């Protein structure tokens, strides 16, 4: 039995037993290589679920909307390890109750989706631990290194070009499971910290602020990068933040549901090489 | 719009000689919202202040900027002037054009331009200032002291003697703490119990002190002036009200071979017991885990023995809630578990003991009645080796810090030993001798010179047994050679560490602690007896290793702080506190995690039917100190700091 | 016989236009994004794209546009209107859907109050459209009563030749004629056959859809909740749409001066209709998606007699969660009657 | 050009109720005044602004019979209204308009008029009231029913007194239960129930009804009970607006743009709109 | 000869240490460059990264952020929190090409008037040698002149 069949059955069982009220998974998309989020509420709909190597979106953000979990019932969600880490952060930041989340975990490797054992976020702790020890993506690091090698002037020019494309559609924010704020900082107008206009200055401010807010929280699911309709390499800026959190503070986002936010905690011996 | 008055002070020549005040005045006069802009020689003088007040009244000013010296100098002066003229004192800002400008620059044009910019920026800020009212917090003028050791007793007595009620909570059956266990005390060698027991008795008899022994703090709610503390009074099974402390029950108790905690297991106690003879209160407790009656329902000899029927097997723990205005934490320390030092043989060889054991051996009321006898065979040891820093200042196995008392008590032990075993030889391995304190260095000199304590500078690598003798192998770093010393007994100067449950306890009462579990003072230098939480004070070794004089001094200092707080019925606090915009708070609790003062709580927002809509952050103005760390954490800008709001700072920057 | 323009003459053509004072914008790729940029050479152009990622709407209704510069003084405020330049511009290689988008928005921007910011840019721009000979899975012009060779909104229509050497050229408007008059010697007469237009399958029955939308009962249909369940509420569909025209007006500046700007806004955003009181008529994503569809295919149509959609398919193509107008309208046309 | 406002000078300001303020504005430039005088009719609205903060939409509260100035009454809530509220006499603010449609008061001539308003919605009603009272002879009976949450929340207290004193106006005041003061002489109760109690005749009567959505809903029921037809009830809608001229898309509800085709509608027209989007 | 470039520098400091240190420099009549404008905050913990961005928007060529030495914070922990934010924010700014040399962080106690004066001179000199931060200022100029397409 393939993973898709296995997970369809499992989803059906969870729904028919009443263990969960909803399964958030992937379904066929508008083209053969696209998958779209689907919301399955009864066992007989589970045939709509698809699970293969095209299922790359991090669905954890769909757990957050107000009211979904307020009835105390559970929801099952298809998640890759990045999504599981997101759930941990959402739990740590009191946005979801992890006891209400049944994880249908899988990973994609070599063009294949394979099941991950475990159903609760805590079951995946060893997996996440091993990811932490492996470190951040070397592909991203190589890409980021290209930028690090540039002079500051060139790097500024690079981002100037990238950010000048931004149209402030906020797809990056809306698709991000971490952007659950009831009111985004850009929508604060007293005072207007971030220029809302999508000129390059406003775009610089927006993208810098978002990256800062994701520091130590981004799990590199790549959602924003894929969502960006103007192809800004957001993955790089977010990766840089993850790297800083890991290198300077040994903080790997979403390690556990009781991880404290990296910017709300400190150690007395935190590094401070740059302070005069 | 706003009507701002700008008052440019010459400060005699101090400002006027470097800043062209006339230009400053006229430029600022053109700034939107500036109603009046004027200059004067000394605005801090009485006529100067009068000018400000008059302008406030005549022009109905909504804000004032005094361009003069540092706000750290005269902010209070001008706030007061504003208030007297009917303007909220927080509608004042000071543009520092003296310390930050005229005094430090040499070019008139540059200084003038800078003064203009500084002033403009503060005009923009003050336009957005809000009327603030000092926060008034009622104070319950009753204190709680947690921990009945010498520090706690001292703090309680000081507060009580000044006429305020105190509740002294001790988790053991008797107050007294570690000091009660000690034999003599350095540097005077007076008997510890002789000086302590009178204070213990004084405490329990003091009309303003309620002593709650065998009781533990379960929960602390509230904030400075208004704490609500839940205390669990553990069941003693002996009625406090009637027991006379005759001790008959103890005599008759058939379970006699229980290692006594007070004696560090060098002696035994019964199942119904007082920890030591001079216990205060002198009322026994039944150790439920050891008592035959509680095990199988048979026995009850104590009950039968008691002539006044003070034994009550049906007693239950009682939770009592107490309202207090201040808390002194004096929960003390414990000695480090030395099991990590396998090479010293502690636990393997009976005659390797800790300093505290030695105190009991040397104590006249101890298991050996003050004779130094070794635990293995009860013989008098002829050679004793003391090992200092057996845990302290050891990054690899022990603790990084110095425990501060070990040098002194080791000297004391060597002296006591010499006094009791006249031919005995004592050898002390040490790293440094730290004897800073009144009479301390003289004391160690005495140990060396009069009582022949042999000091060997170096660390011990191993203690082992050979032919019934302990062999201590170590280095003498002064002579640069290995030494081996035969010993009949080895005493380890173990480190002082926080109580095993210190961190949990800190979380329970809401104070912060360091990496070891010692409680953090609000400021290491300037606020050493205040915890990070307003209204909670620290005394004794719970804050850091301390000897008796320091513990007592800190206890008195904490008591003084409490009494200061209790000097008024209401506490006035600066209104510079954080406030939450509930409609946009997402309840991520980052602010609460970051807050150094535990000033941020959860608040439930319910609909009309009482159903939870959402849970948001809520600032307790009694606890908030106004640092603003929460504000810059909040991703959605849902928390702000009065006096330094986002709007104010934004305006200040955008005017630069 | 028709006039044709050969690929090989395109550079001459560009030179002639520039000499006549035009700047030429064409699809090209820069910094990983395809859009209309000013080009100097034919080789800069990316004419084989089905569609550039961004629309030409951007050049008539910029994402952020200064309206008024203000200087705050003590008792007065100096203002200065910032007038958009009336540039002579040629948009070369526009797709019929994008060209239609401009024509669809014209009545809105001209509705009683004329929005000069739009029309000053419109007035001197020449739209040179190239009919589509290929399409992708997302193209849907045929479903909204347009076509891969639709001339709507265009001034000049270029139809690719079957032999691939160039285009048939047809001026559609006076502006188009005037433009061609600047390059008489570059065009040539030919009877080369045009390539057939791309085949774009019809994806839904627009009449059925509009009829359903016009039915007041449909407004409260449960359909909206289901179809929009995965919508994340970003504005990539609206901002990439050739016809979406909503905007915001914002002041930006410091203590002393600033600029009032007209910025793109989107009905997808929760803040769009939020009153200061906190009341929000469209406070859920489904009501916002309903508004978007209703506005495009019911309200706008009722007012200006045209659907506010040109079938470019960008909304689906770029949607982070694979939604879009096509799926919604398909689902509507498949609803049981 | 299209989005350029008129500079206006604040002449005076008045506190109406807690958080509610009225500004009287005069034109700085004659041509702006001329434009306004030519185009303003009661019911229209404008965008009031301050450069650096933005613009906010509310009605022109002064009547079409008094065009020397513009009055606006608003509640301080957001960034713009807070700044406007802090404006003093002499300060420069801006006005863009007048926009929208109007109450067709010439069609009301010869008819009885019933004005109903709740809370902060009196300002648009007040504009029509004065526009009619200033040519009192053209209309039949005039009844004004006005209610607020509390006595303090009643706006235009001076004018209420004036209307009360006039014998050609029947003023019915009410406050919500619990909102009355000890010396309150008038009704206590919600507007719809007070209206039913007063029971004005629907014959030859036009009703003008302004208030929060929930009040409108219940008052319309009451009017229906009293025999008013929805075509004879006028109301005005307030939505979030940015452009005011039918471009920015914000105020689109159903097939109408409130700013262009409104803000004045008959109850019948309002009922035809998708209610959920209001 | 053109005028030498005078950089505009904005400083965000805590009131208990660095502001007091600056006061001490004043009372000690130390002399330093006049390029720095100070914004006073209660604690470095209050300093949000947004402040730095706004200073740059206002044309600052350099930004200085300063507070109490670790362990000396009046509010016990504010500067530890601040230090983490700075670490992260600095990395972020640097990665987007905002030169590290333009954003300075320091600890200056109330007793370090001399250090304050030296620092101001040092930072001013360094930023003067870097020249105006034209790249960022250009962004502001674009706003004032053009639409963004």
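Residue numbering begins at 1 within each chain, and the chains themselves are lettered A, B, C, D and E in the order written.
Definition applied: a contact is a pair of C-beta atoms (placed from the backbone, for glycine too) under 8 Å apart; a residue touches a chain by one contact, two chains touch by 3 or more.
Note that the structure is a prediction, hence the values are computed from the model and not measured.
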{"item": "Path length in the contact graph (chain B to chain C, fewest steps)", "value": "1"}
{"item": "Shared interface partners, meaning chains that touch chain A and chain D", "value": "B, C"}
{"item": "Shortest chain-hopping distance from chain D out to chain E", "value": "2"}
{"item": "Relative to chain E, chain with the most remote C-alpha centre", "value": "D"}
{"item": "Most distant chain from chain B by Cα centroid", "value": "C"}
{"item": "Comparison of A-C and A-B by number of C-beta pairs in contact, larger one", "value": "A-C"}
{"item": "Rounded Å distance, chain B centre to chain D centre (Cα mean)", "value": "63"}
{"item": "Whole-Å separation of chain centres (CA-atom averages), chain C against chain D", "value": "39"}
{"item": "Inter-chain centre distance, chain A versus chain E - centres from mean C-alpha coordinates, in Å", "value": "33"}
{"item": "Separation of mean Cα positions, chain E and chain C [Å, integer]", "value": "45"}
{"item": "Shared interface positions of chain E, touching two or more other chains", "value": "49, 54, 58, 71, 77, 81, 85, 143, 148"}
{"item": "Junction residues of chain A - those touching two or more other chains", "value": "185, 190, 192-193, 195, 197-199, 263-265, 268"}
{"item": "Chain D residues counted as touching two or more neighbouring chains", "value": "78, 91"}
{"item": "In the complex with chain B, residue positions of chain C that touch it", "value": "72-75, 254-256, 278"}
{"item": "In the complex, chain B residues that touch chain D", "value": "1-3"}
{"item": "Interface residues, chain C side, partner chain D - complex", "value": "67-68, 70, 72, 75-77, 79, 81, 83, 108-109, 111-117, 216, 219-220, 245-251, 253, 258, 260, 262, 265, 267, 272-277, 281-282, 287, 291, 294-295, 298-299, 302-303"}
{"item": "For the chain E and chain B complex, residues of the former touching the latter", "value": "8, 10, 15, 19-20, 22-23, 25-27, 29-32, 34, 37-43, 45-49, 51, 54-55, 58, 60, 71-72, 74-78, 81-82, 85, 117"}
{"item": "Chain B-facing residues of chain A, complex", "value": "66, 70, 93-95, 180-185, 188, 190-193, 213, 260-261, 263-265, 268"}
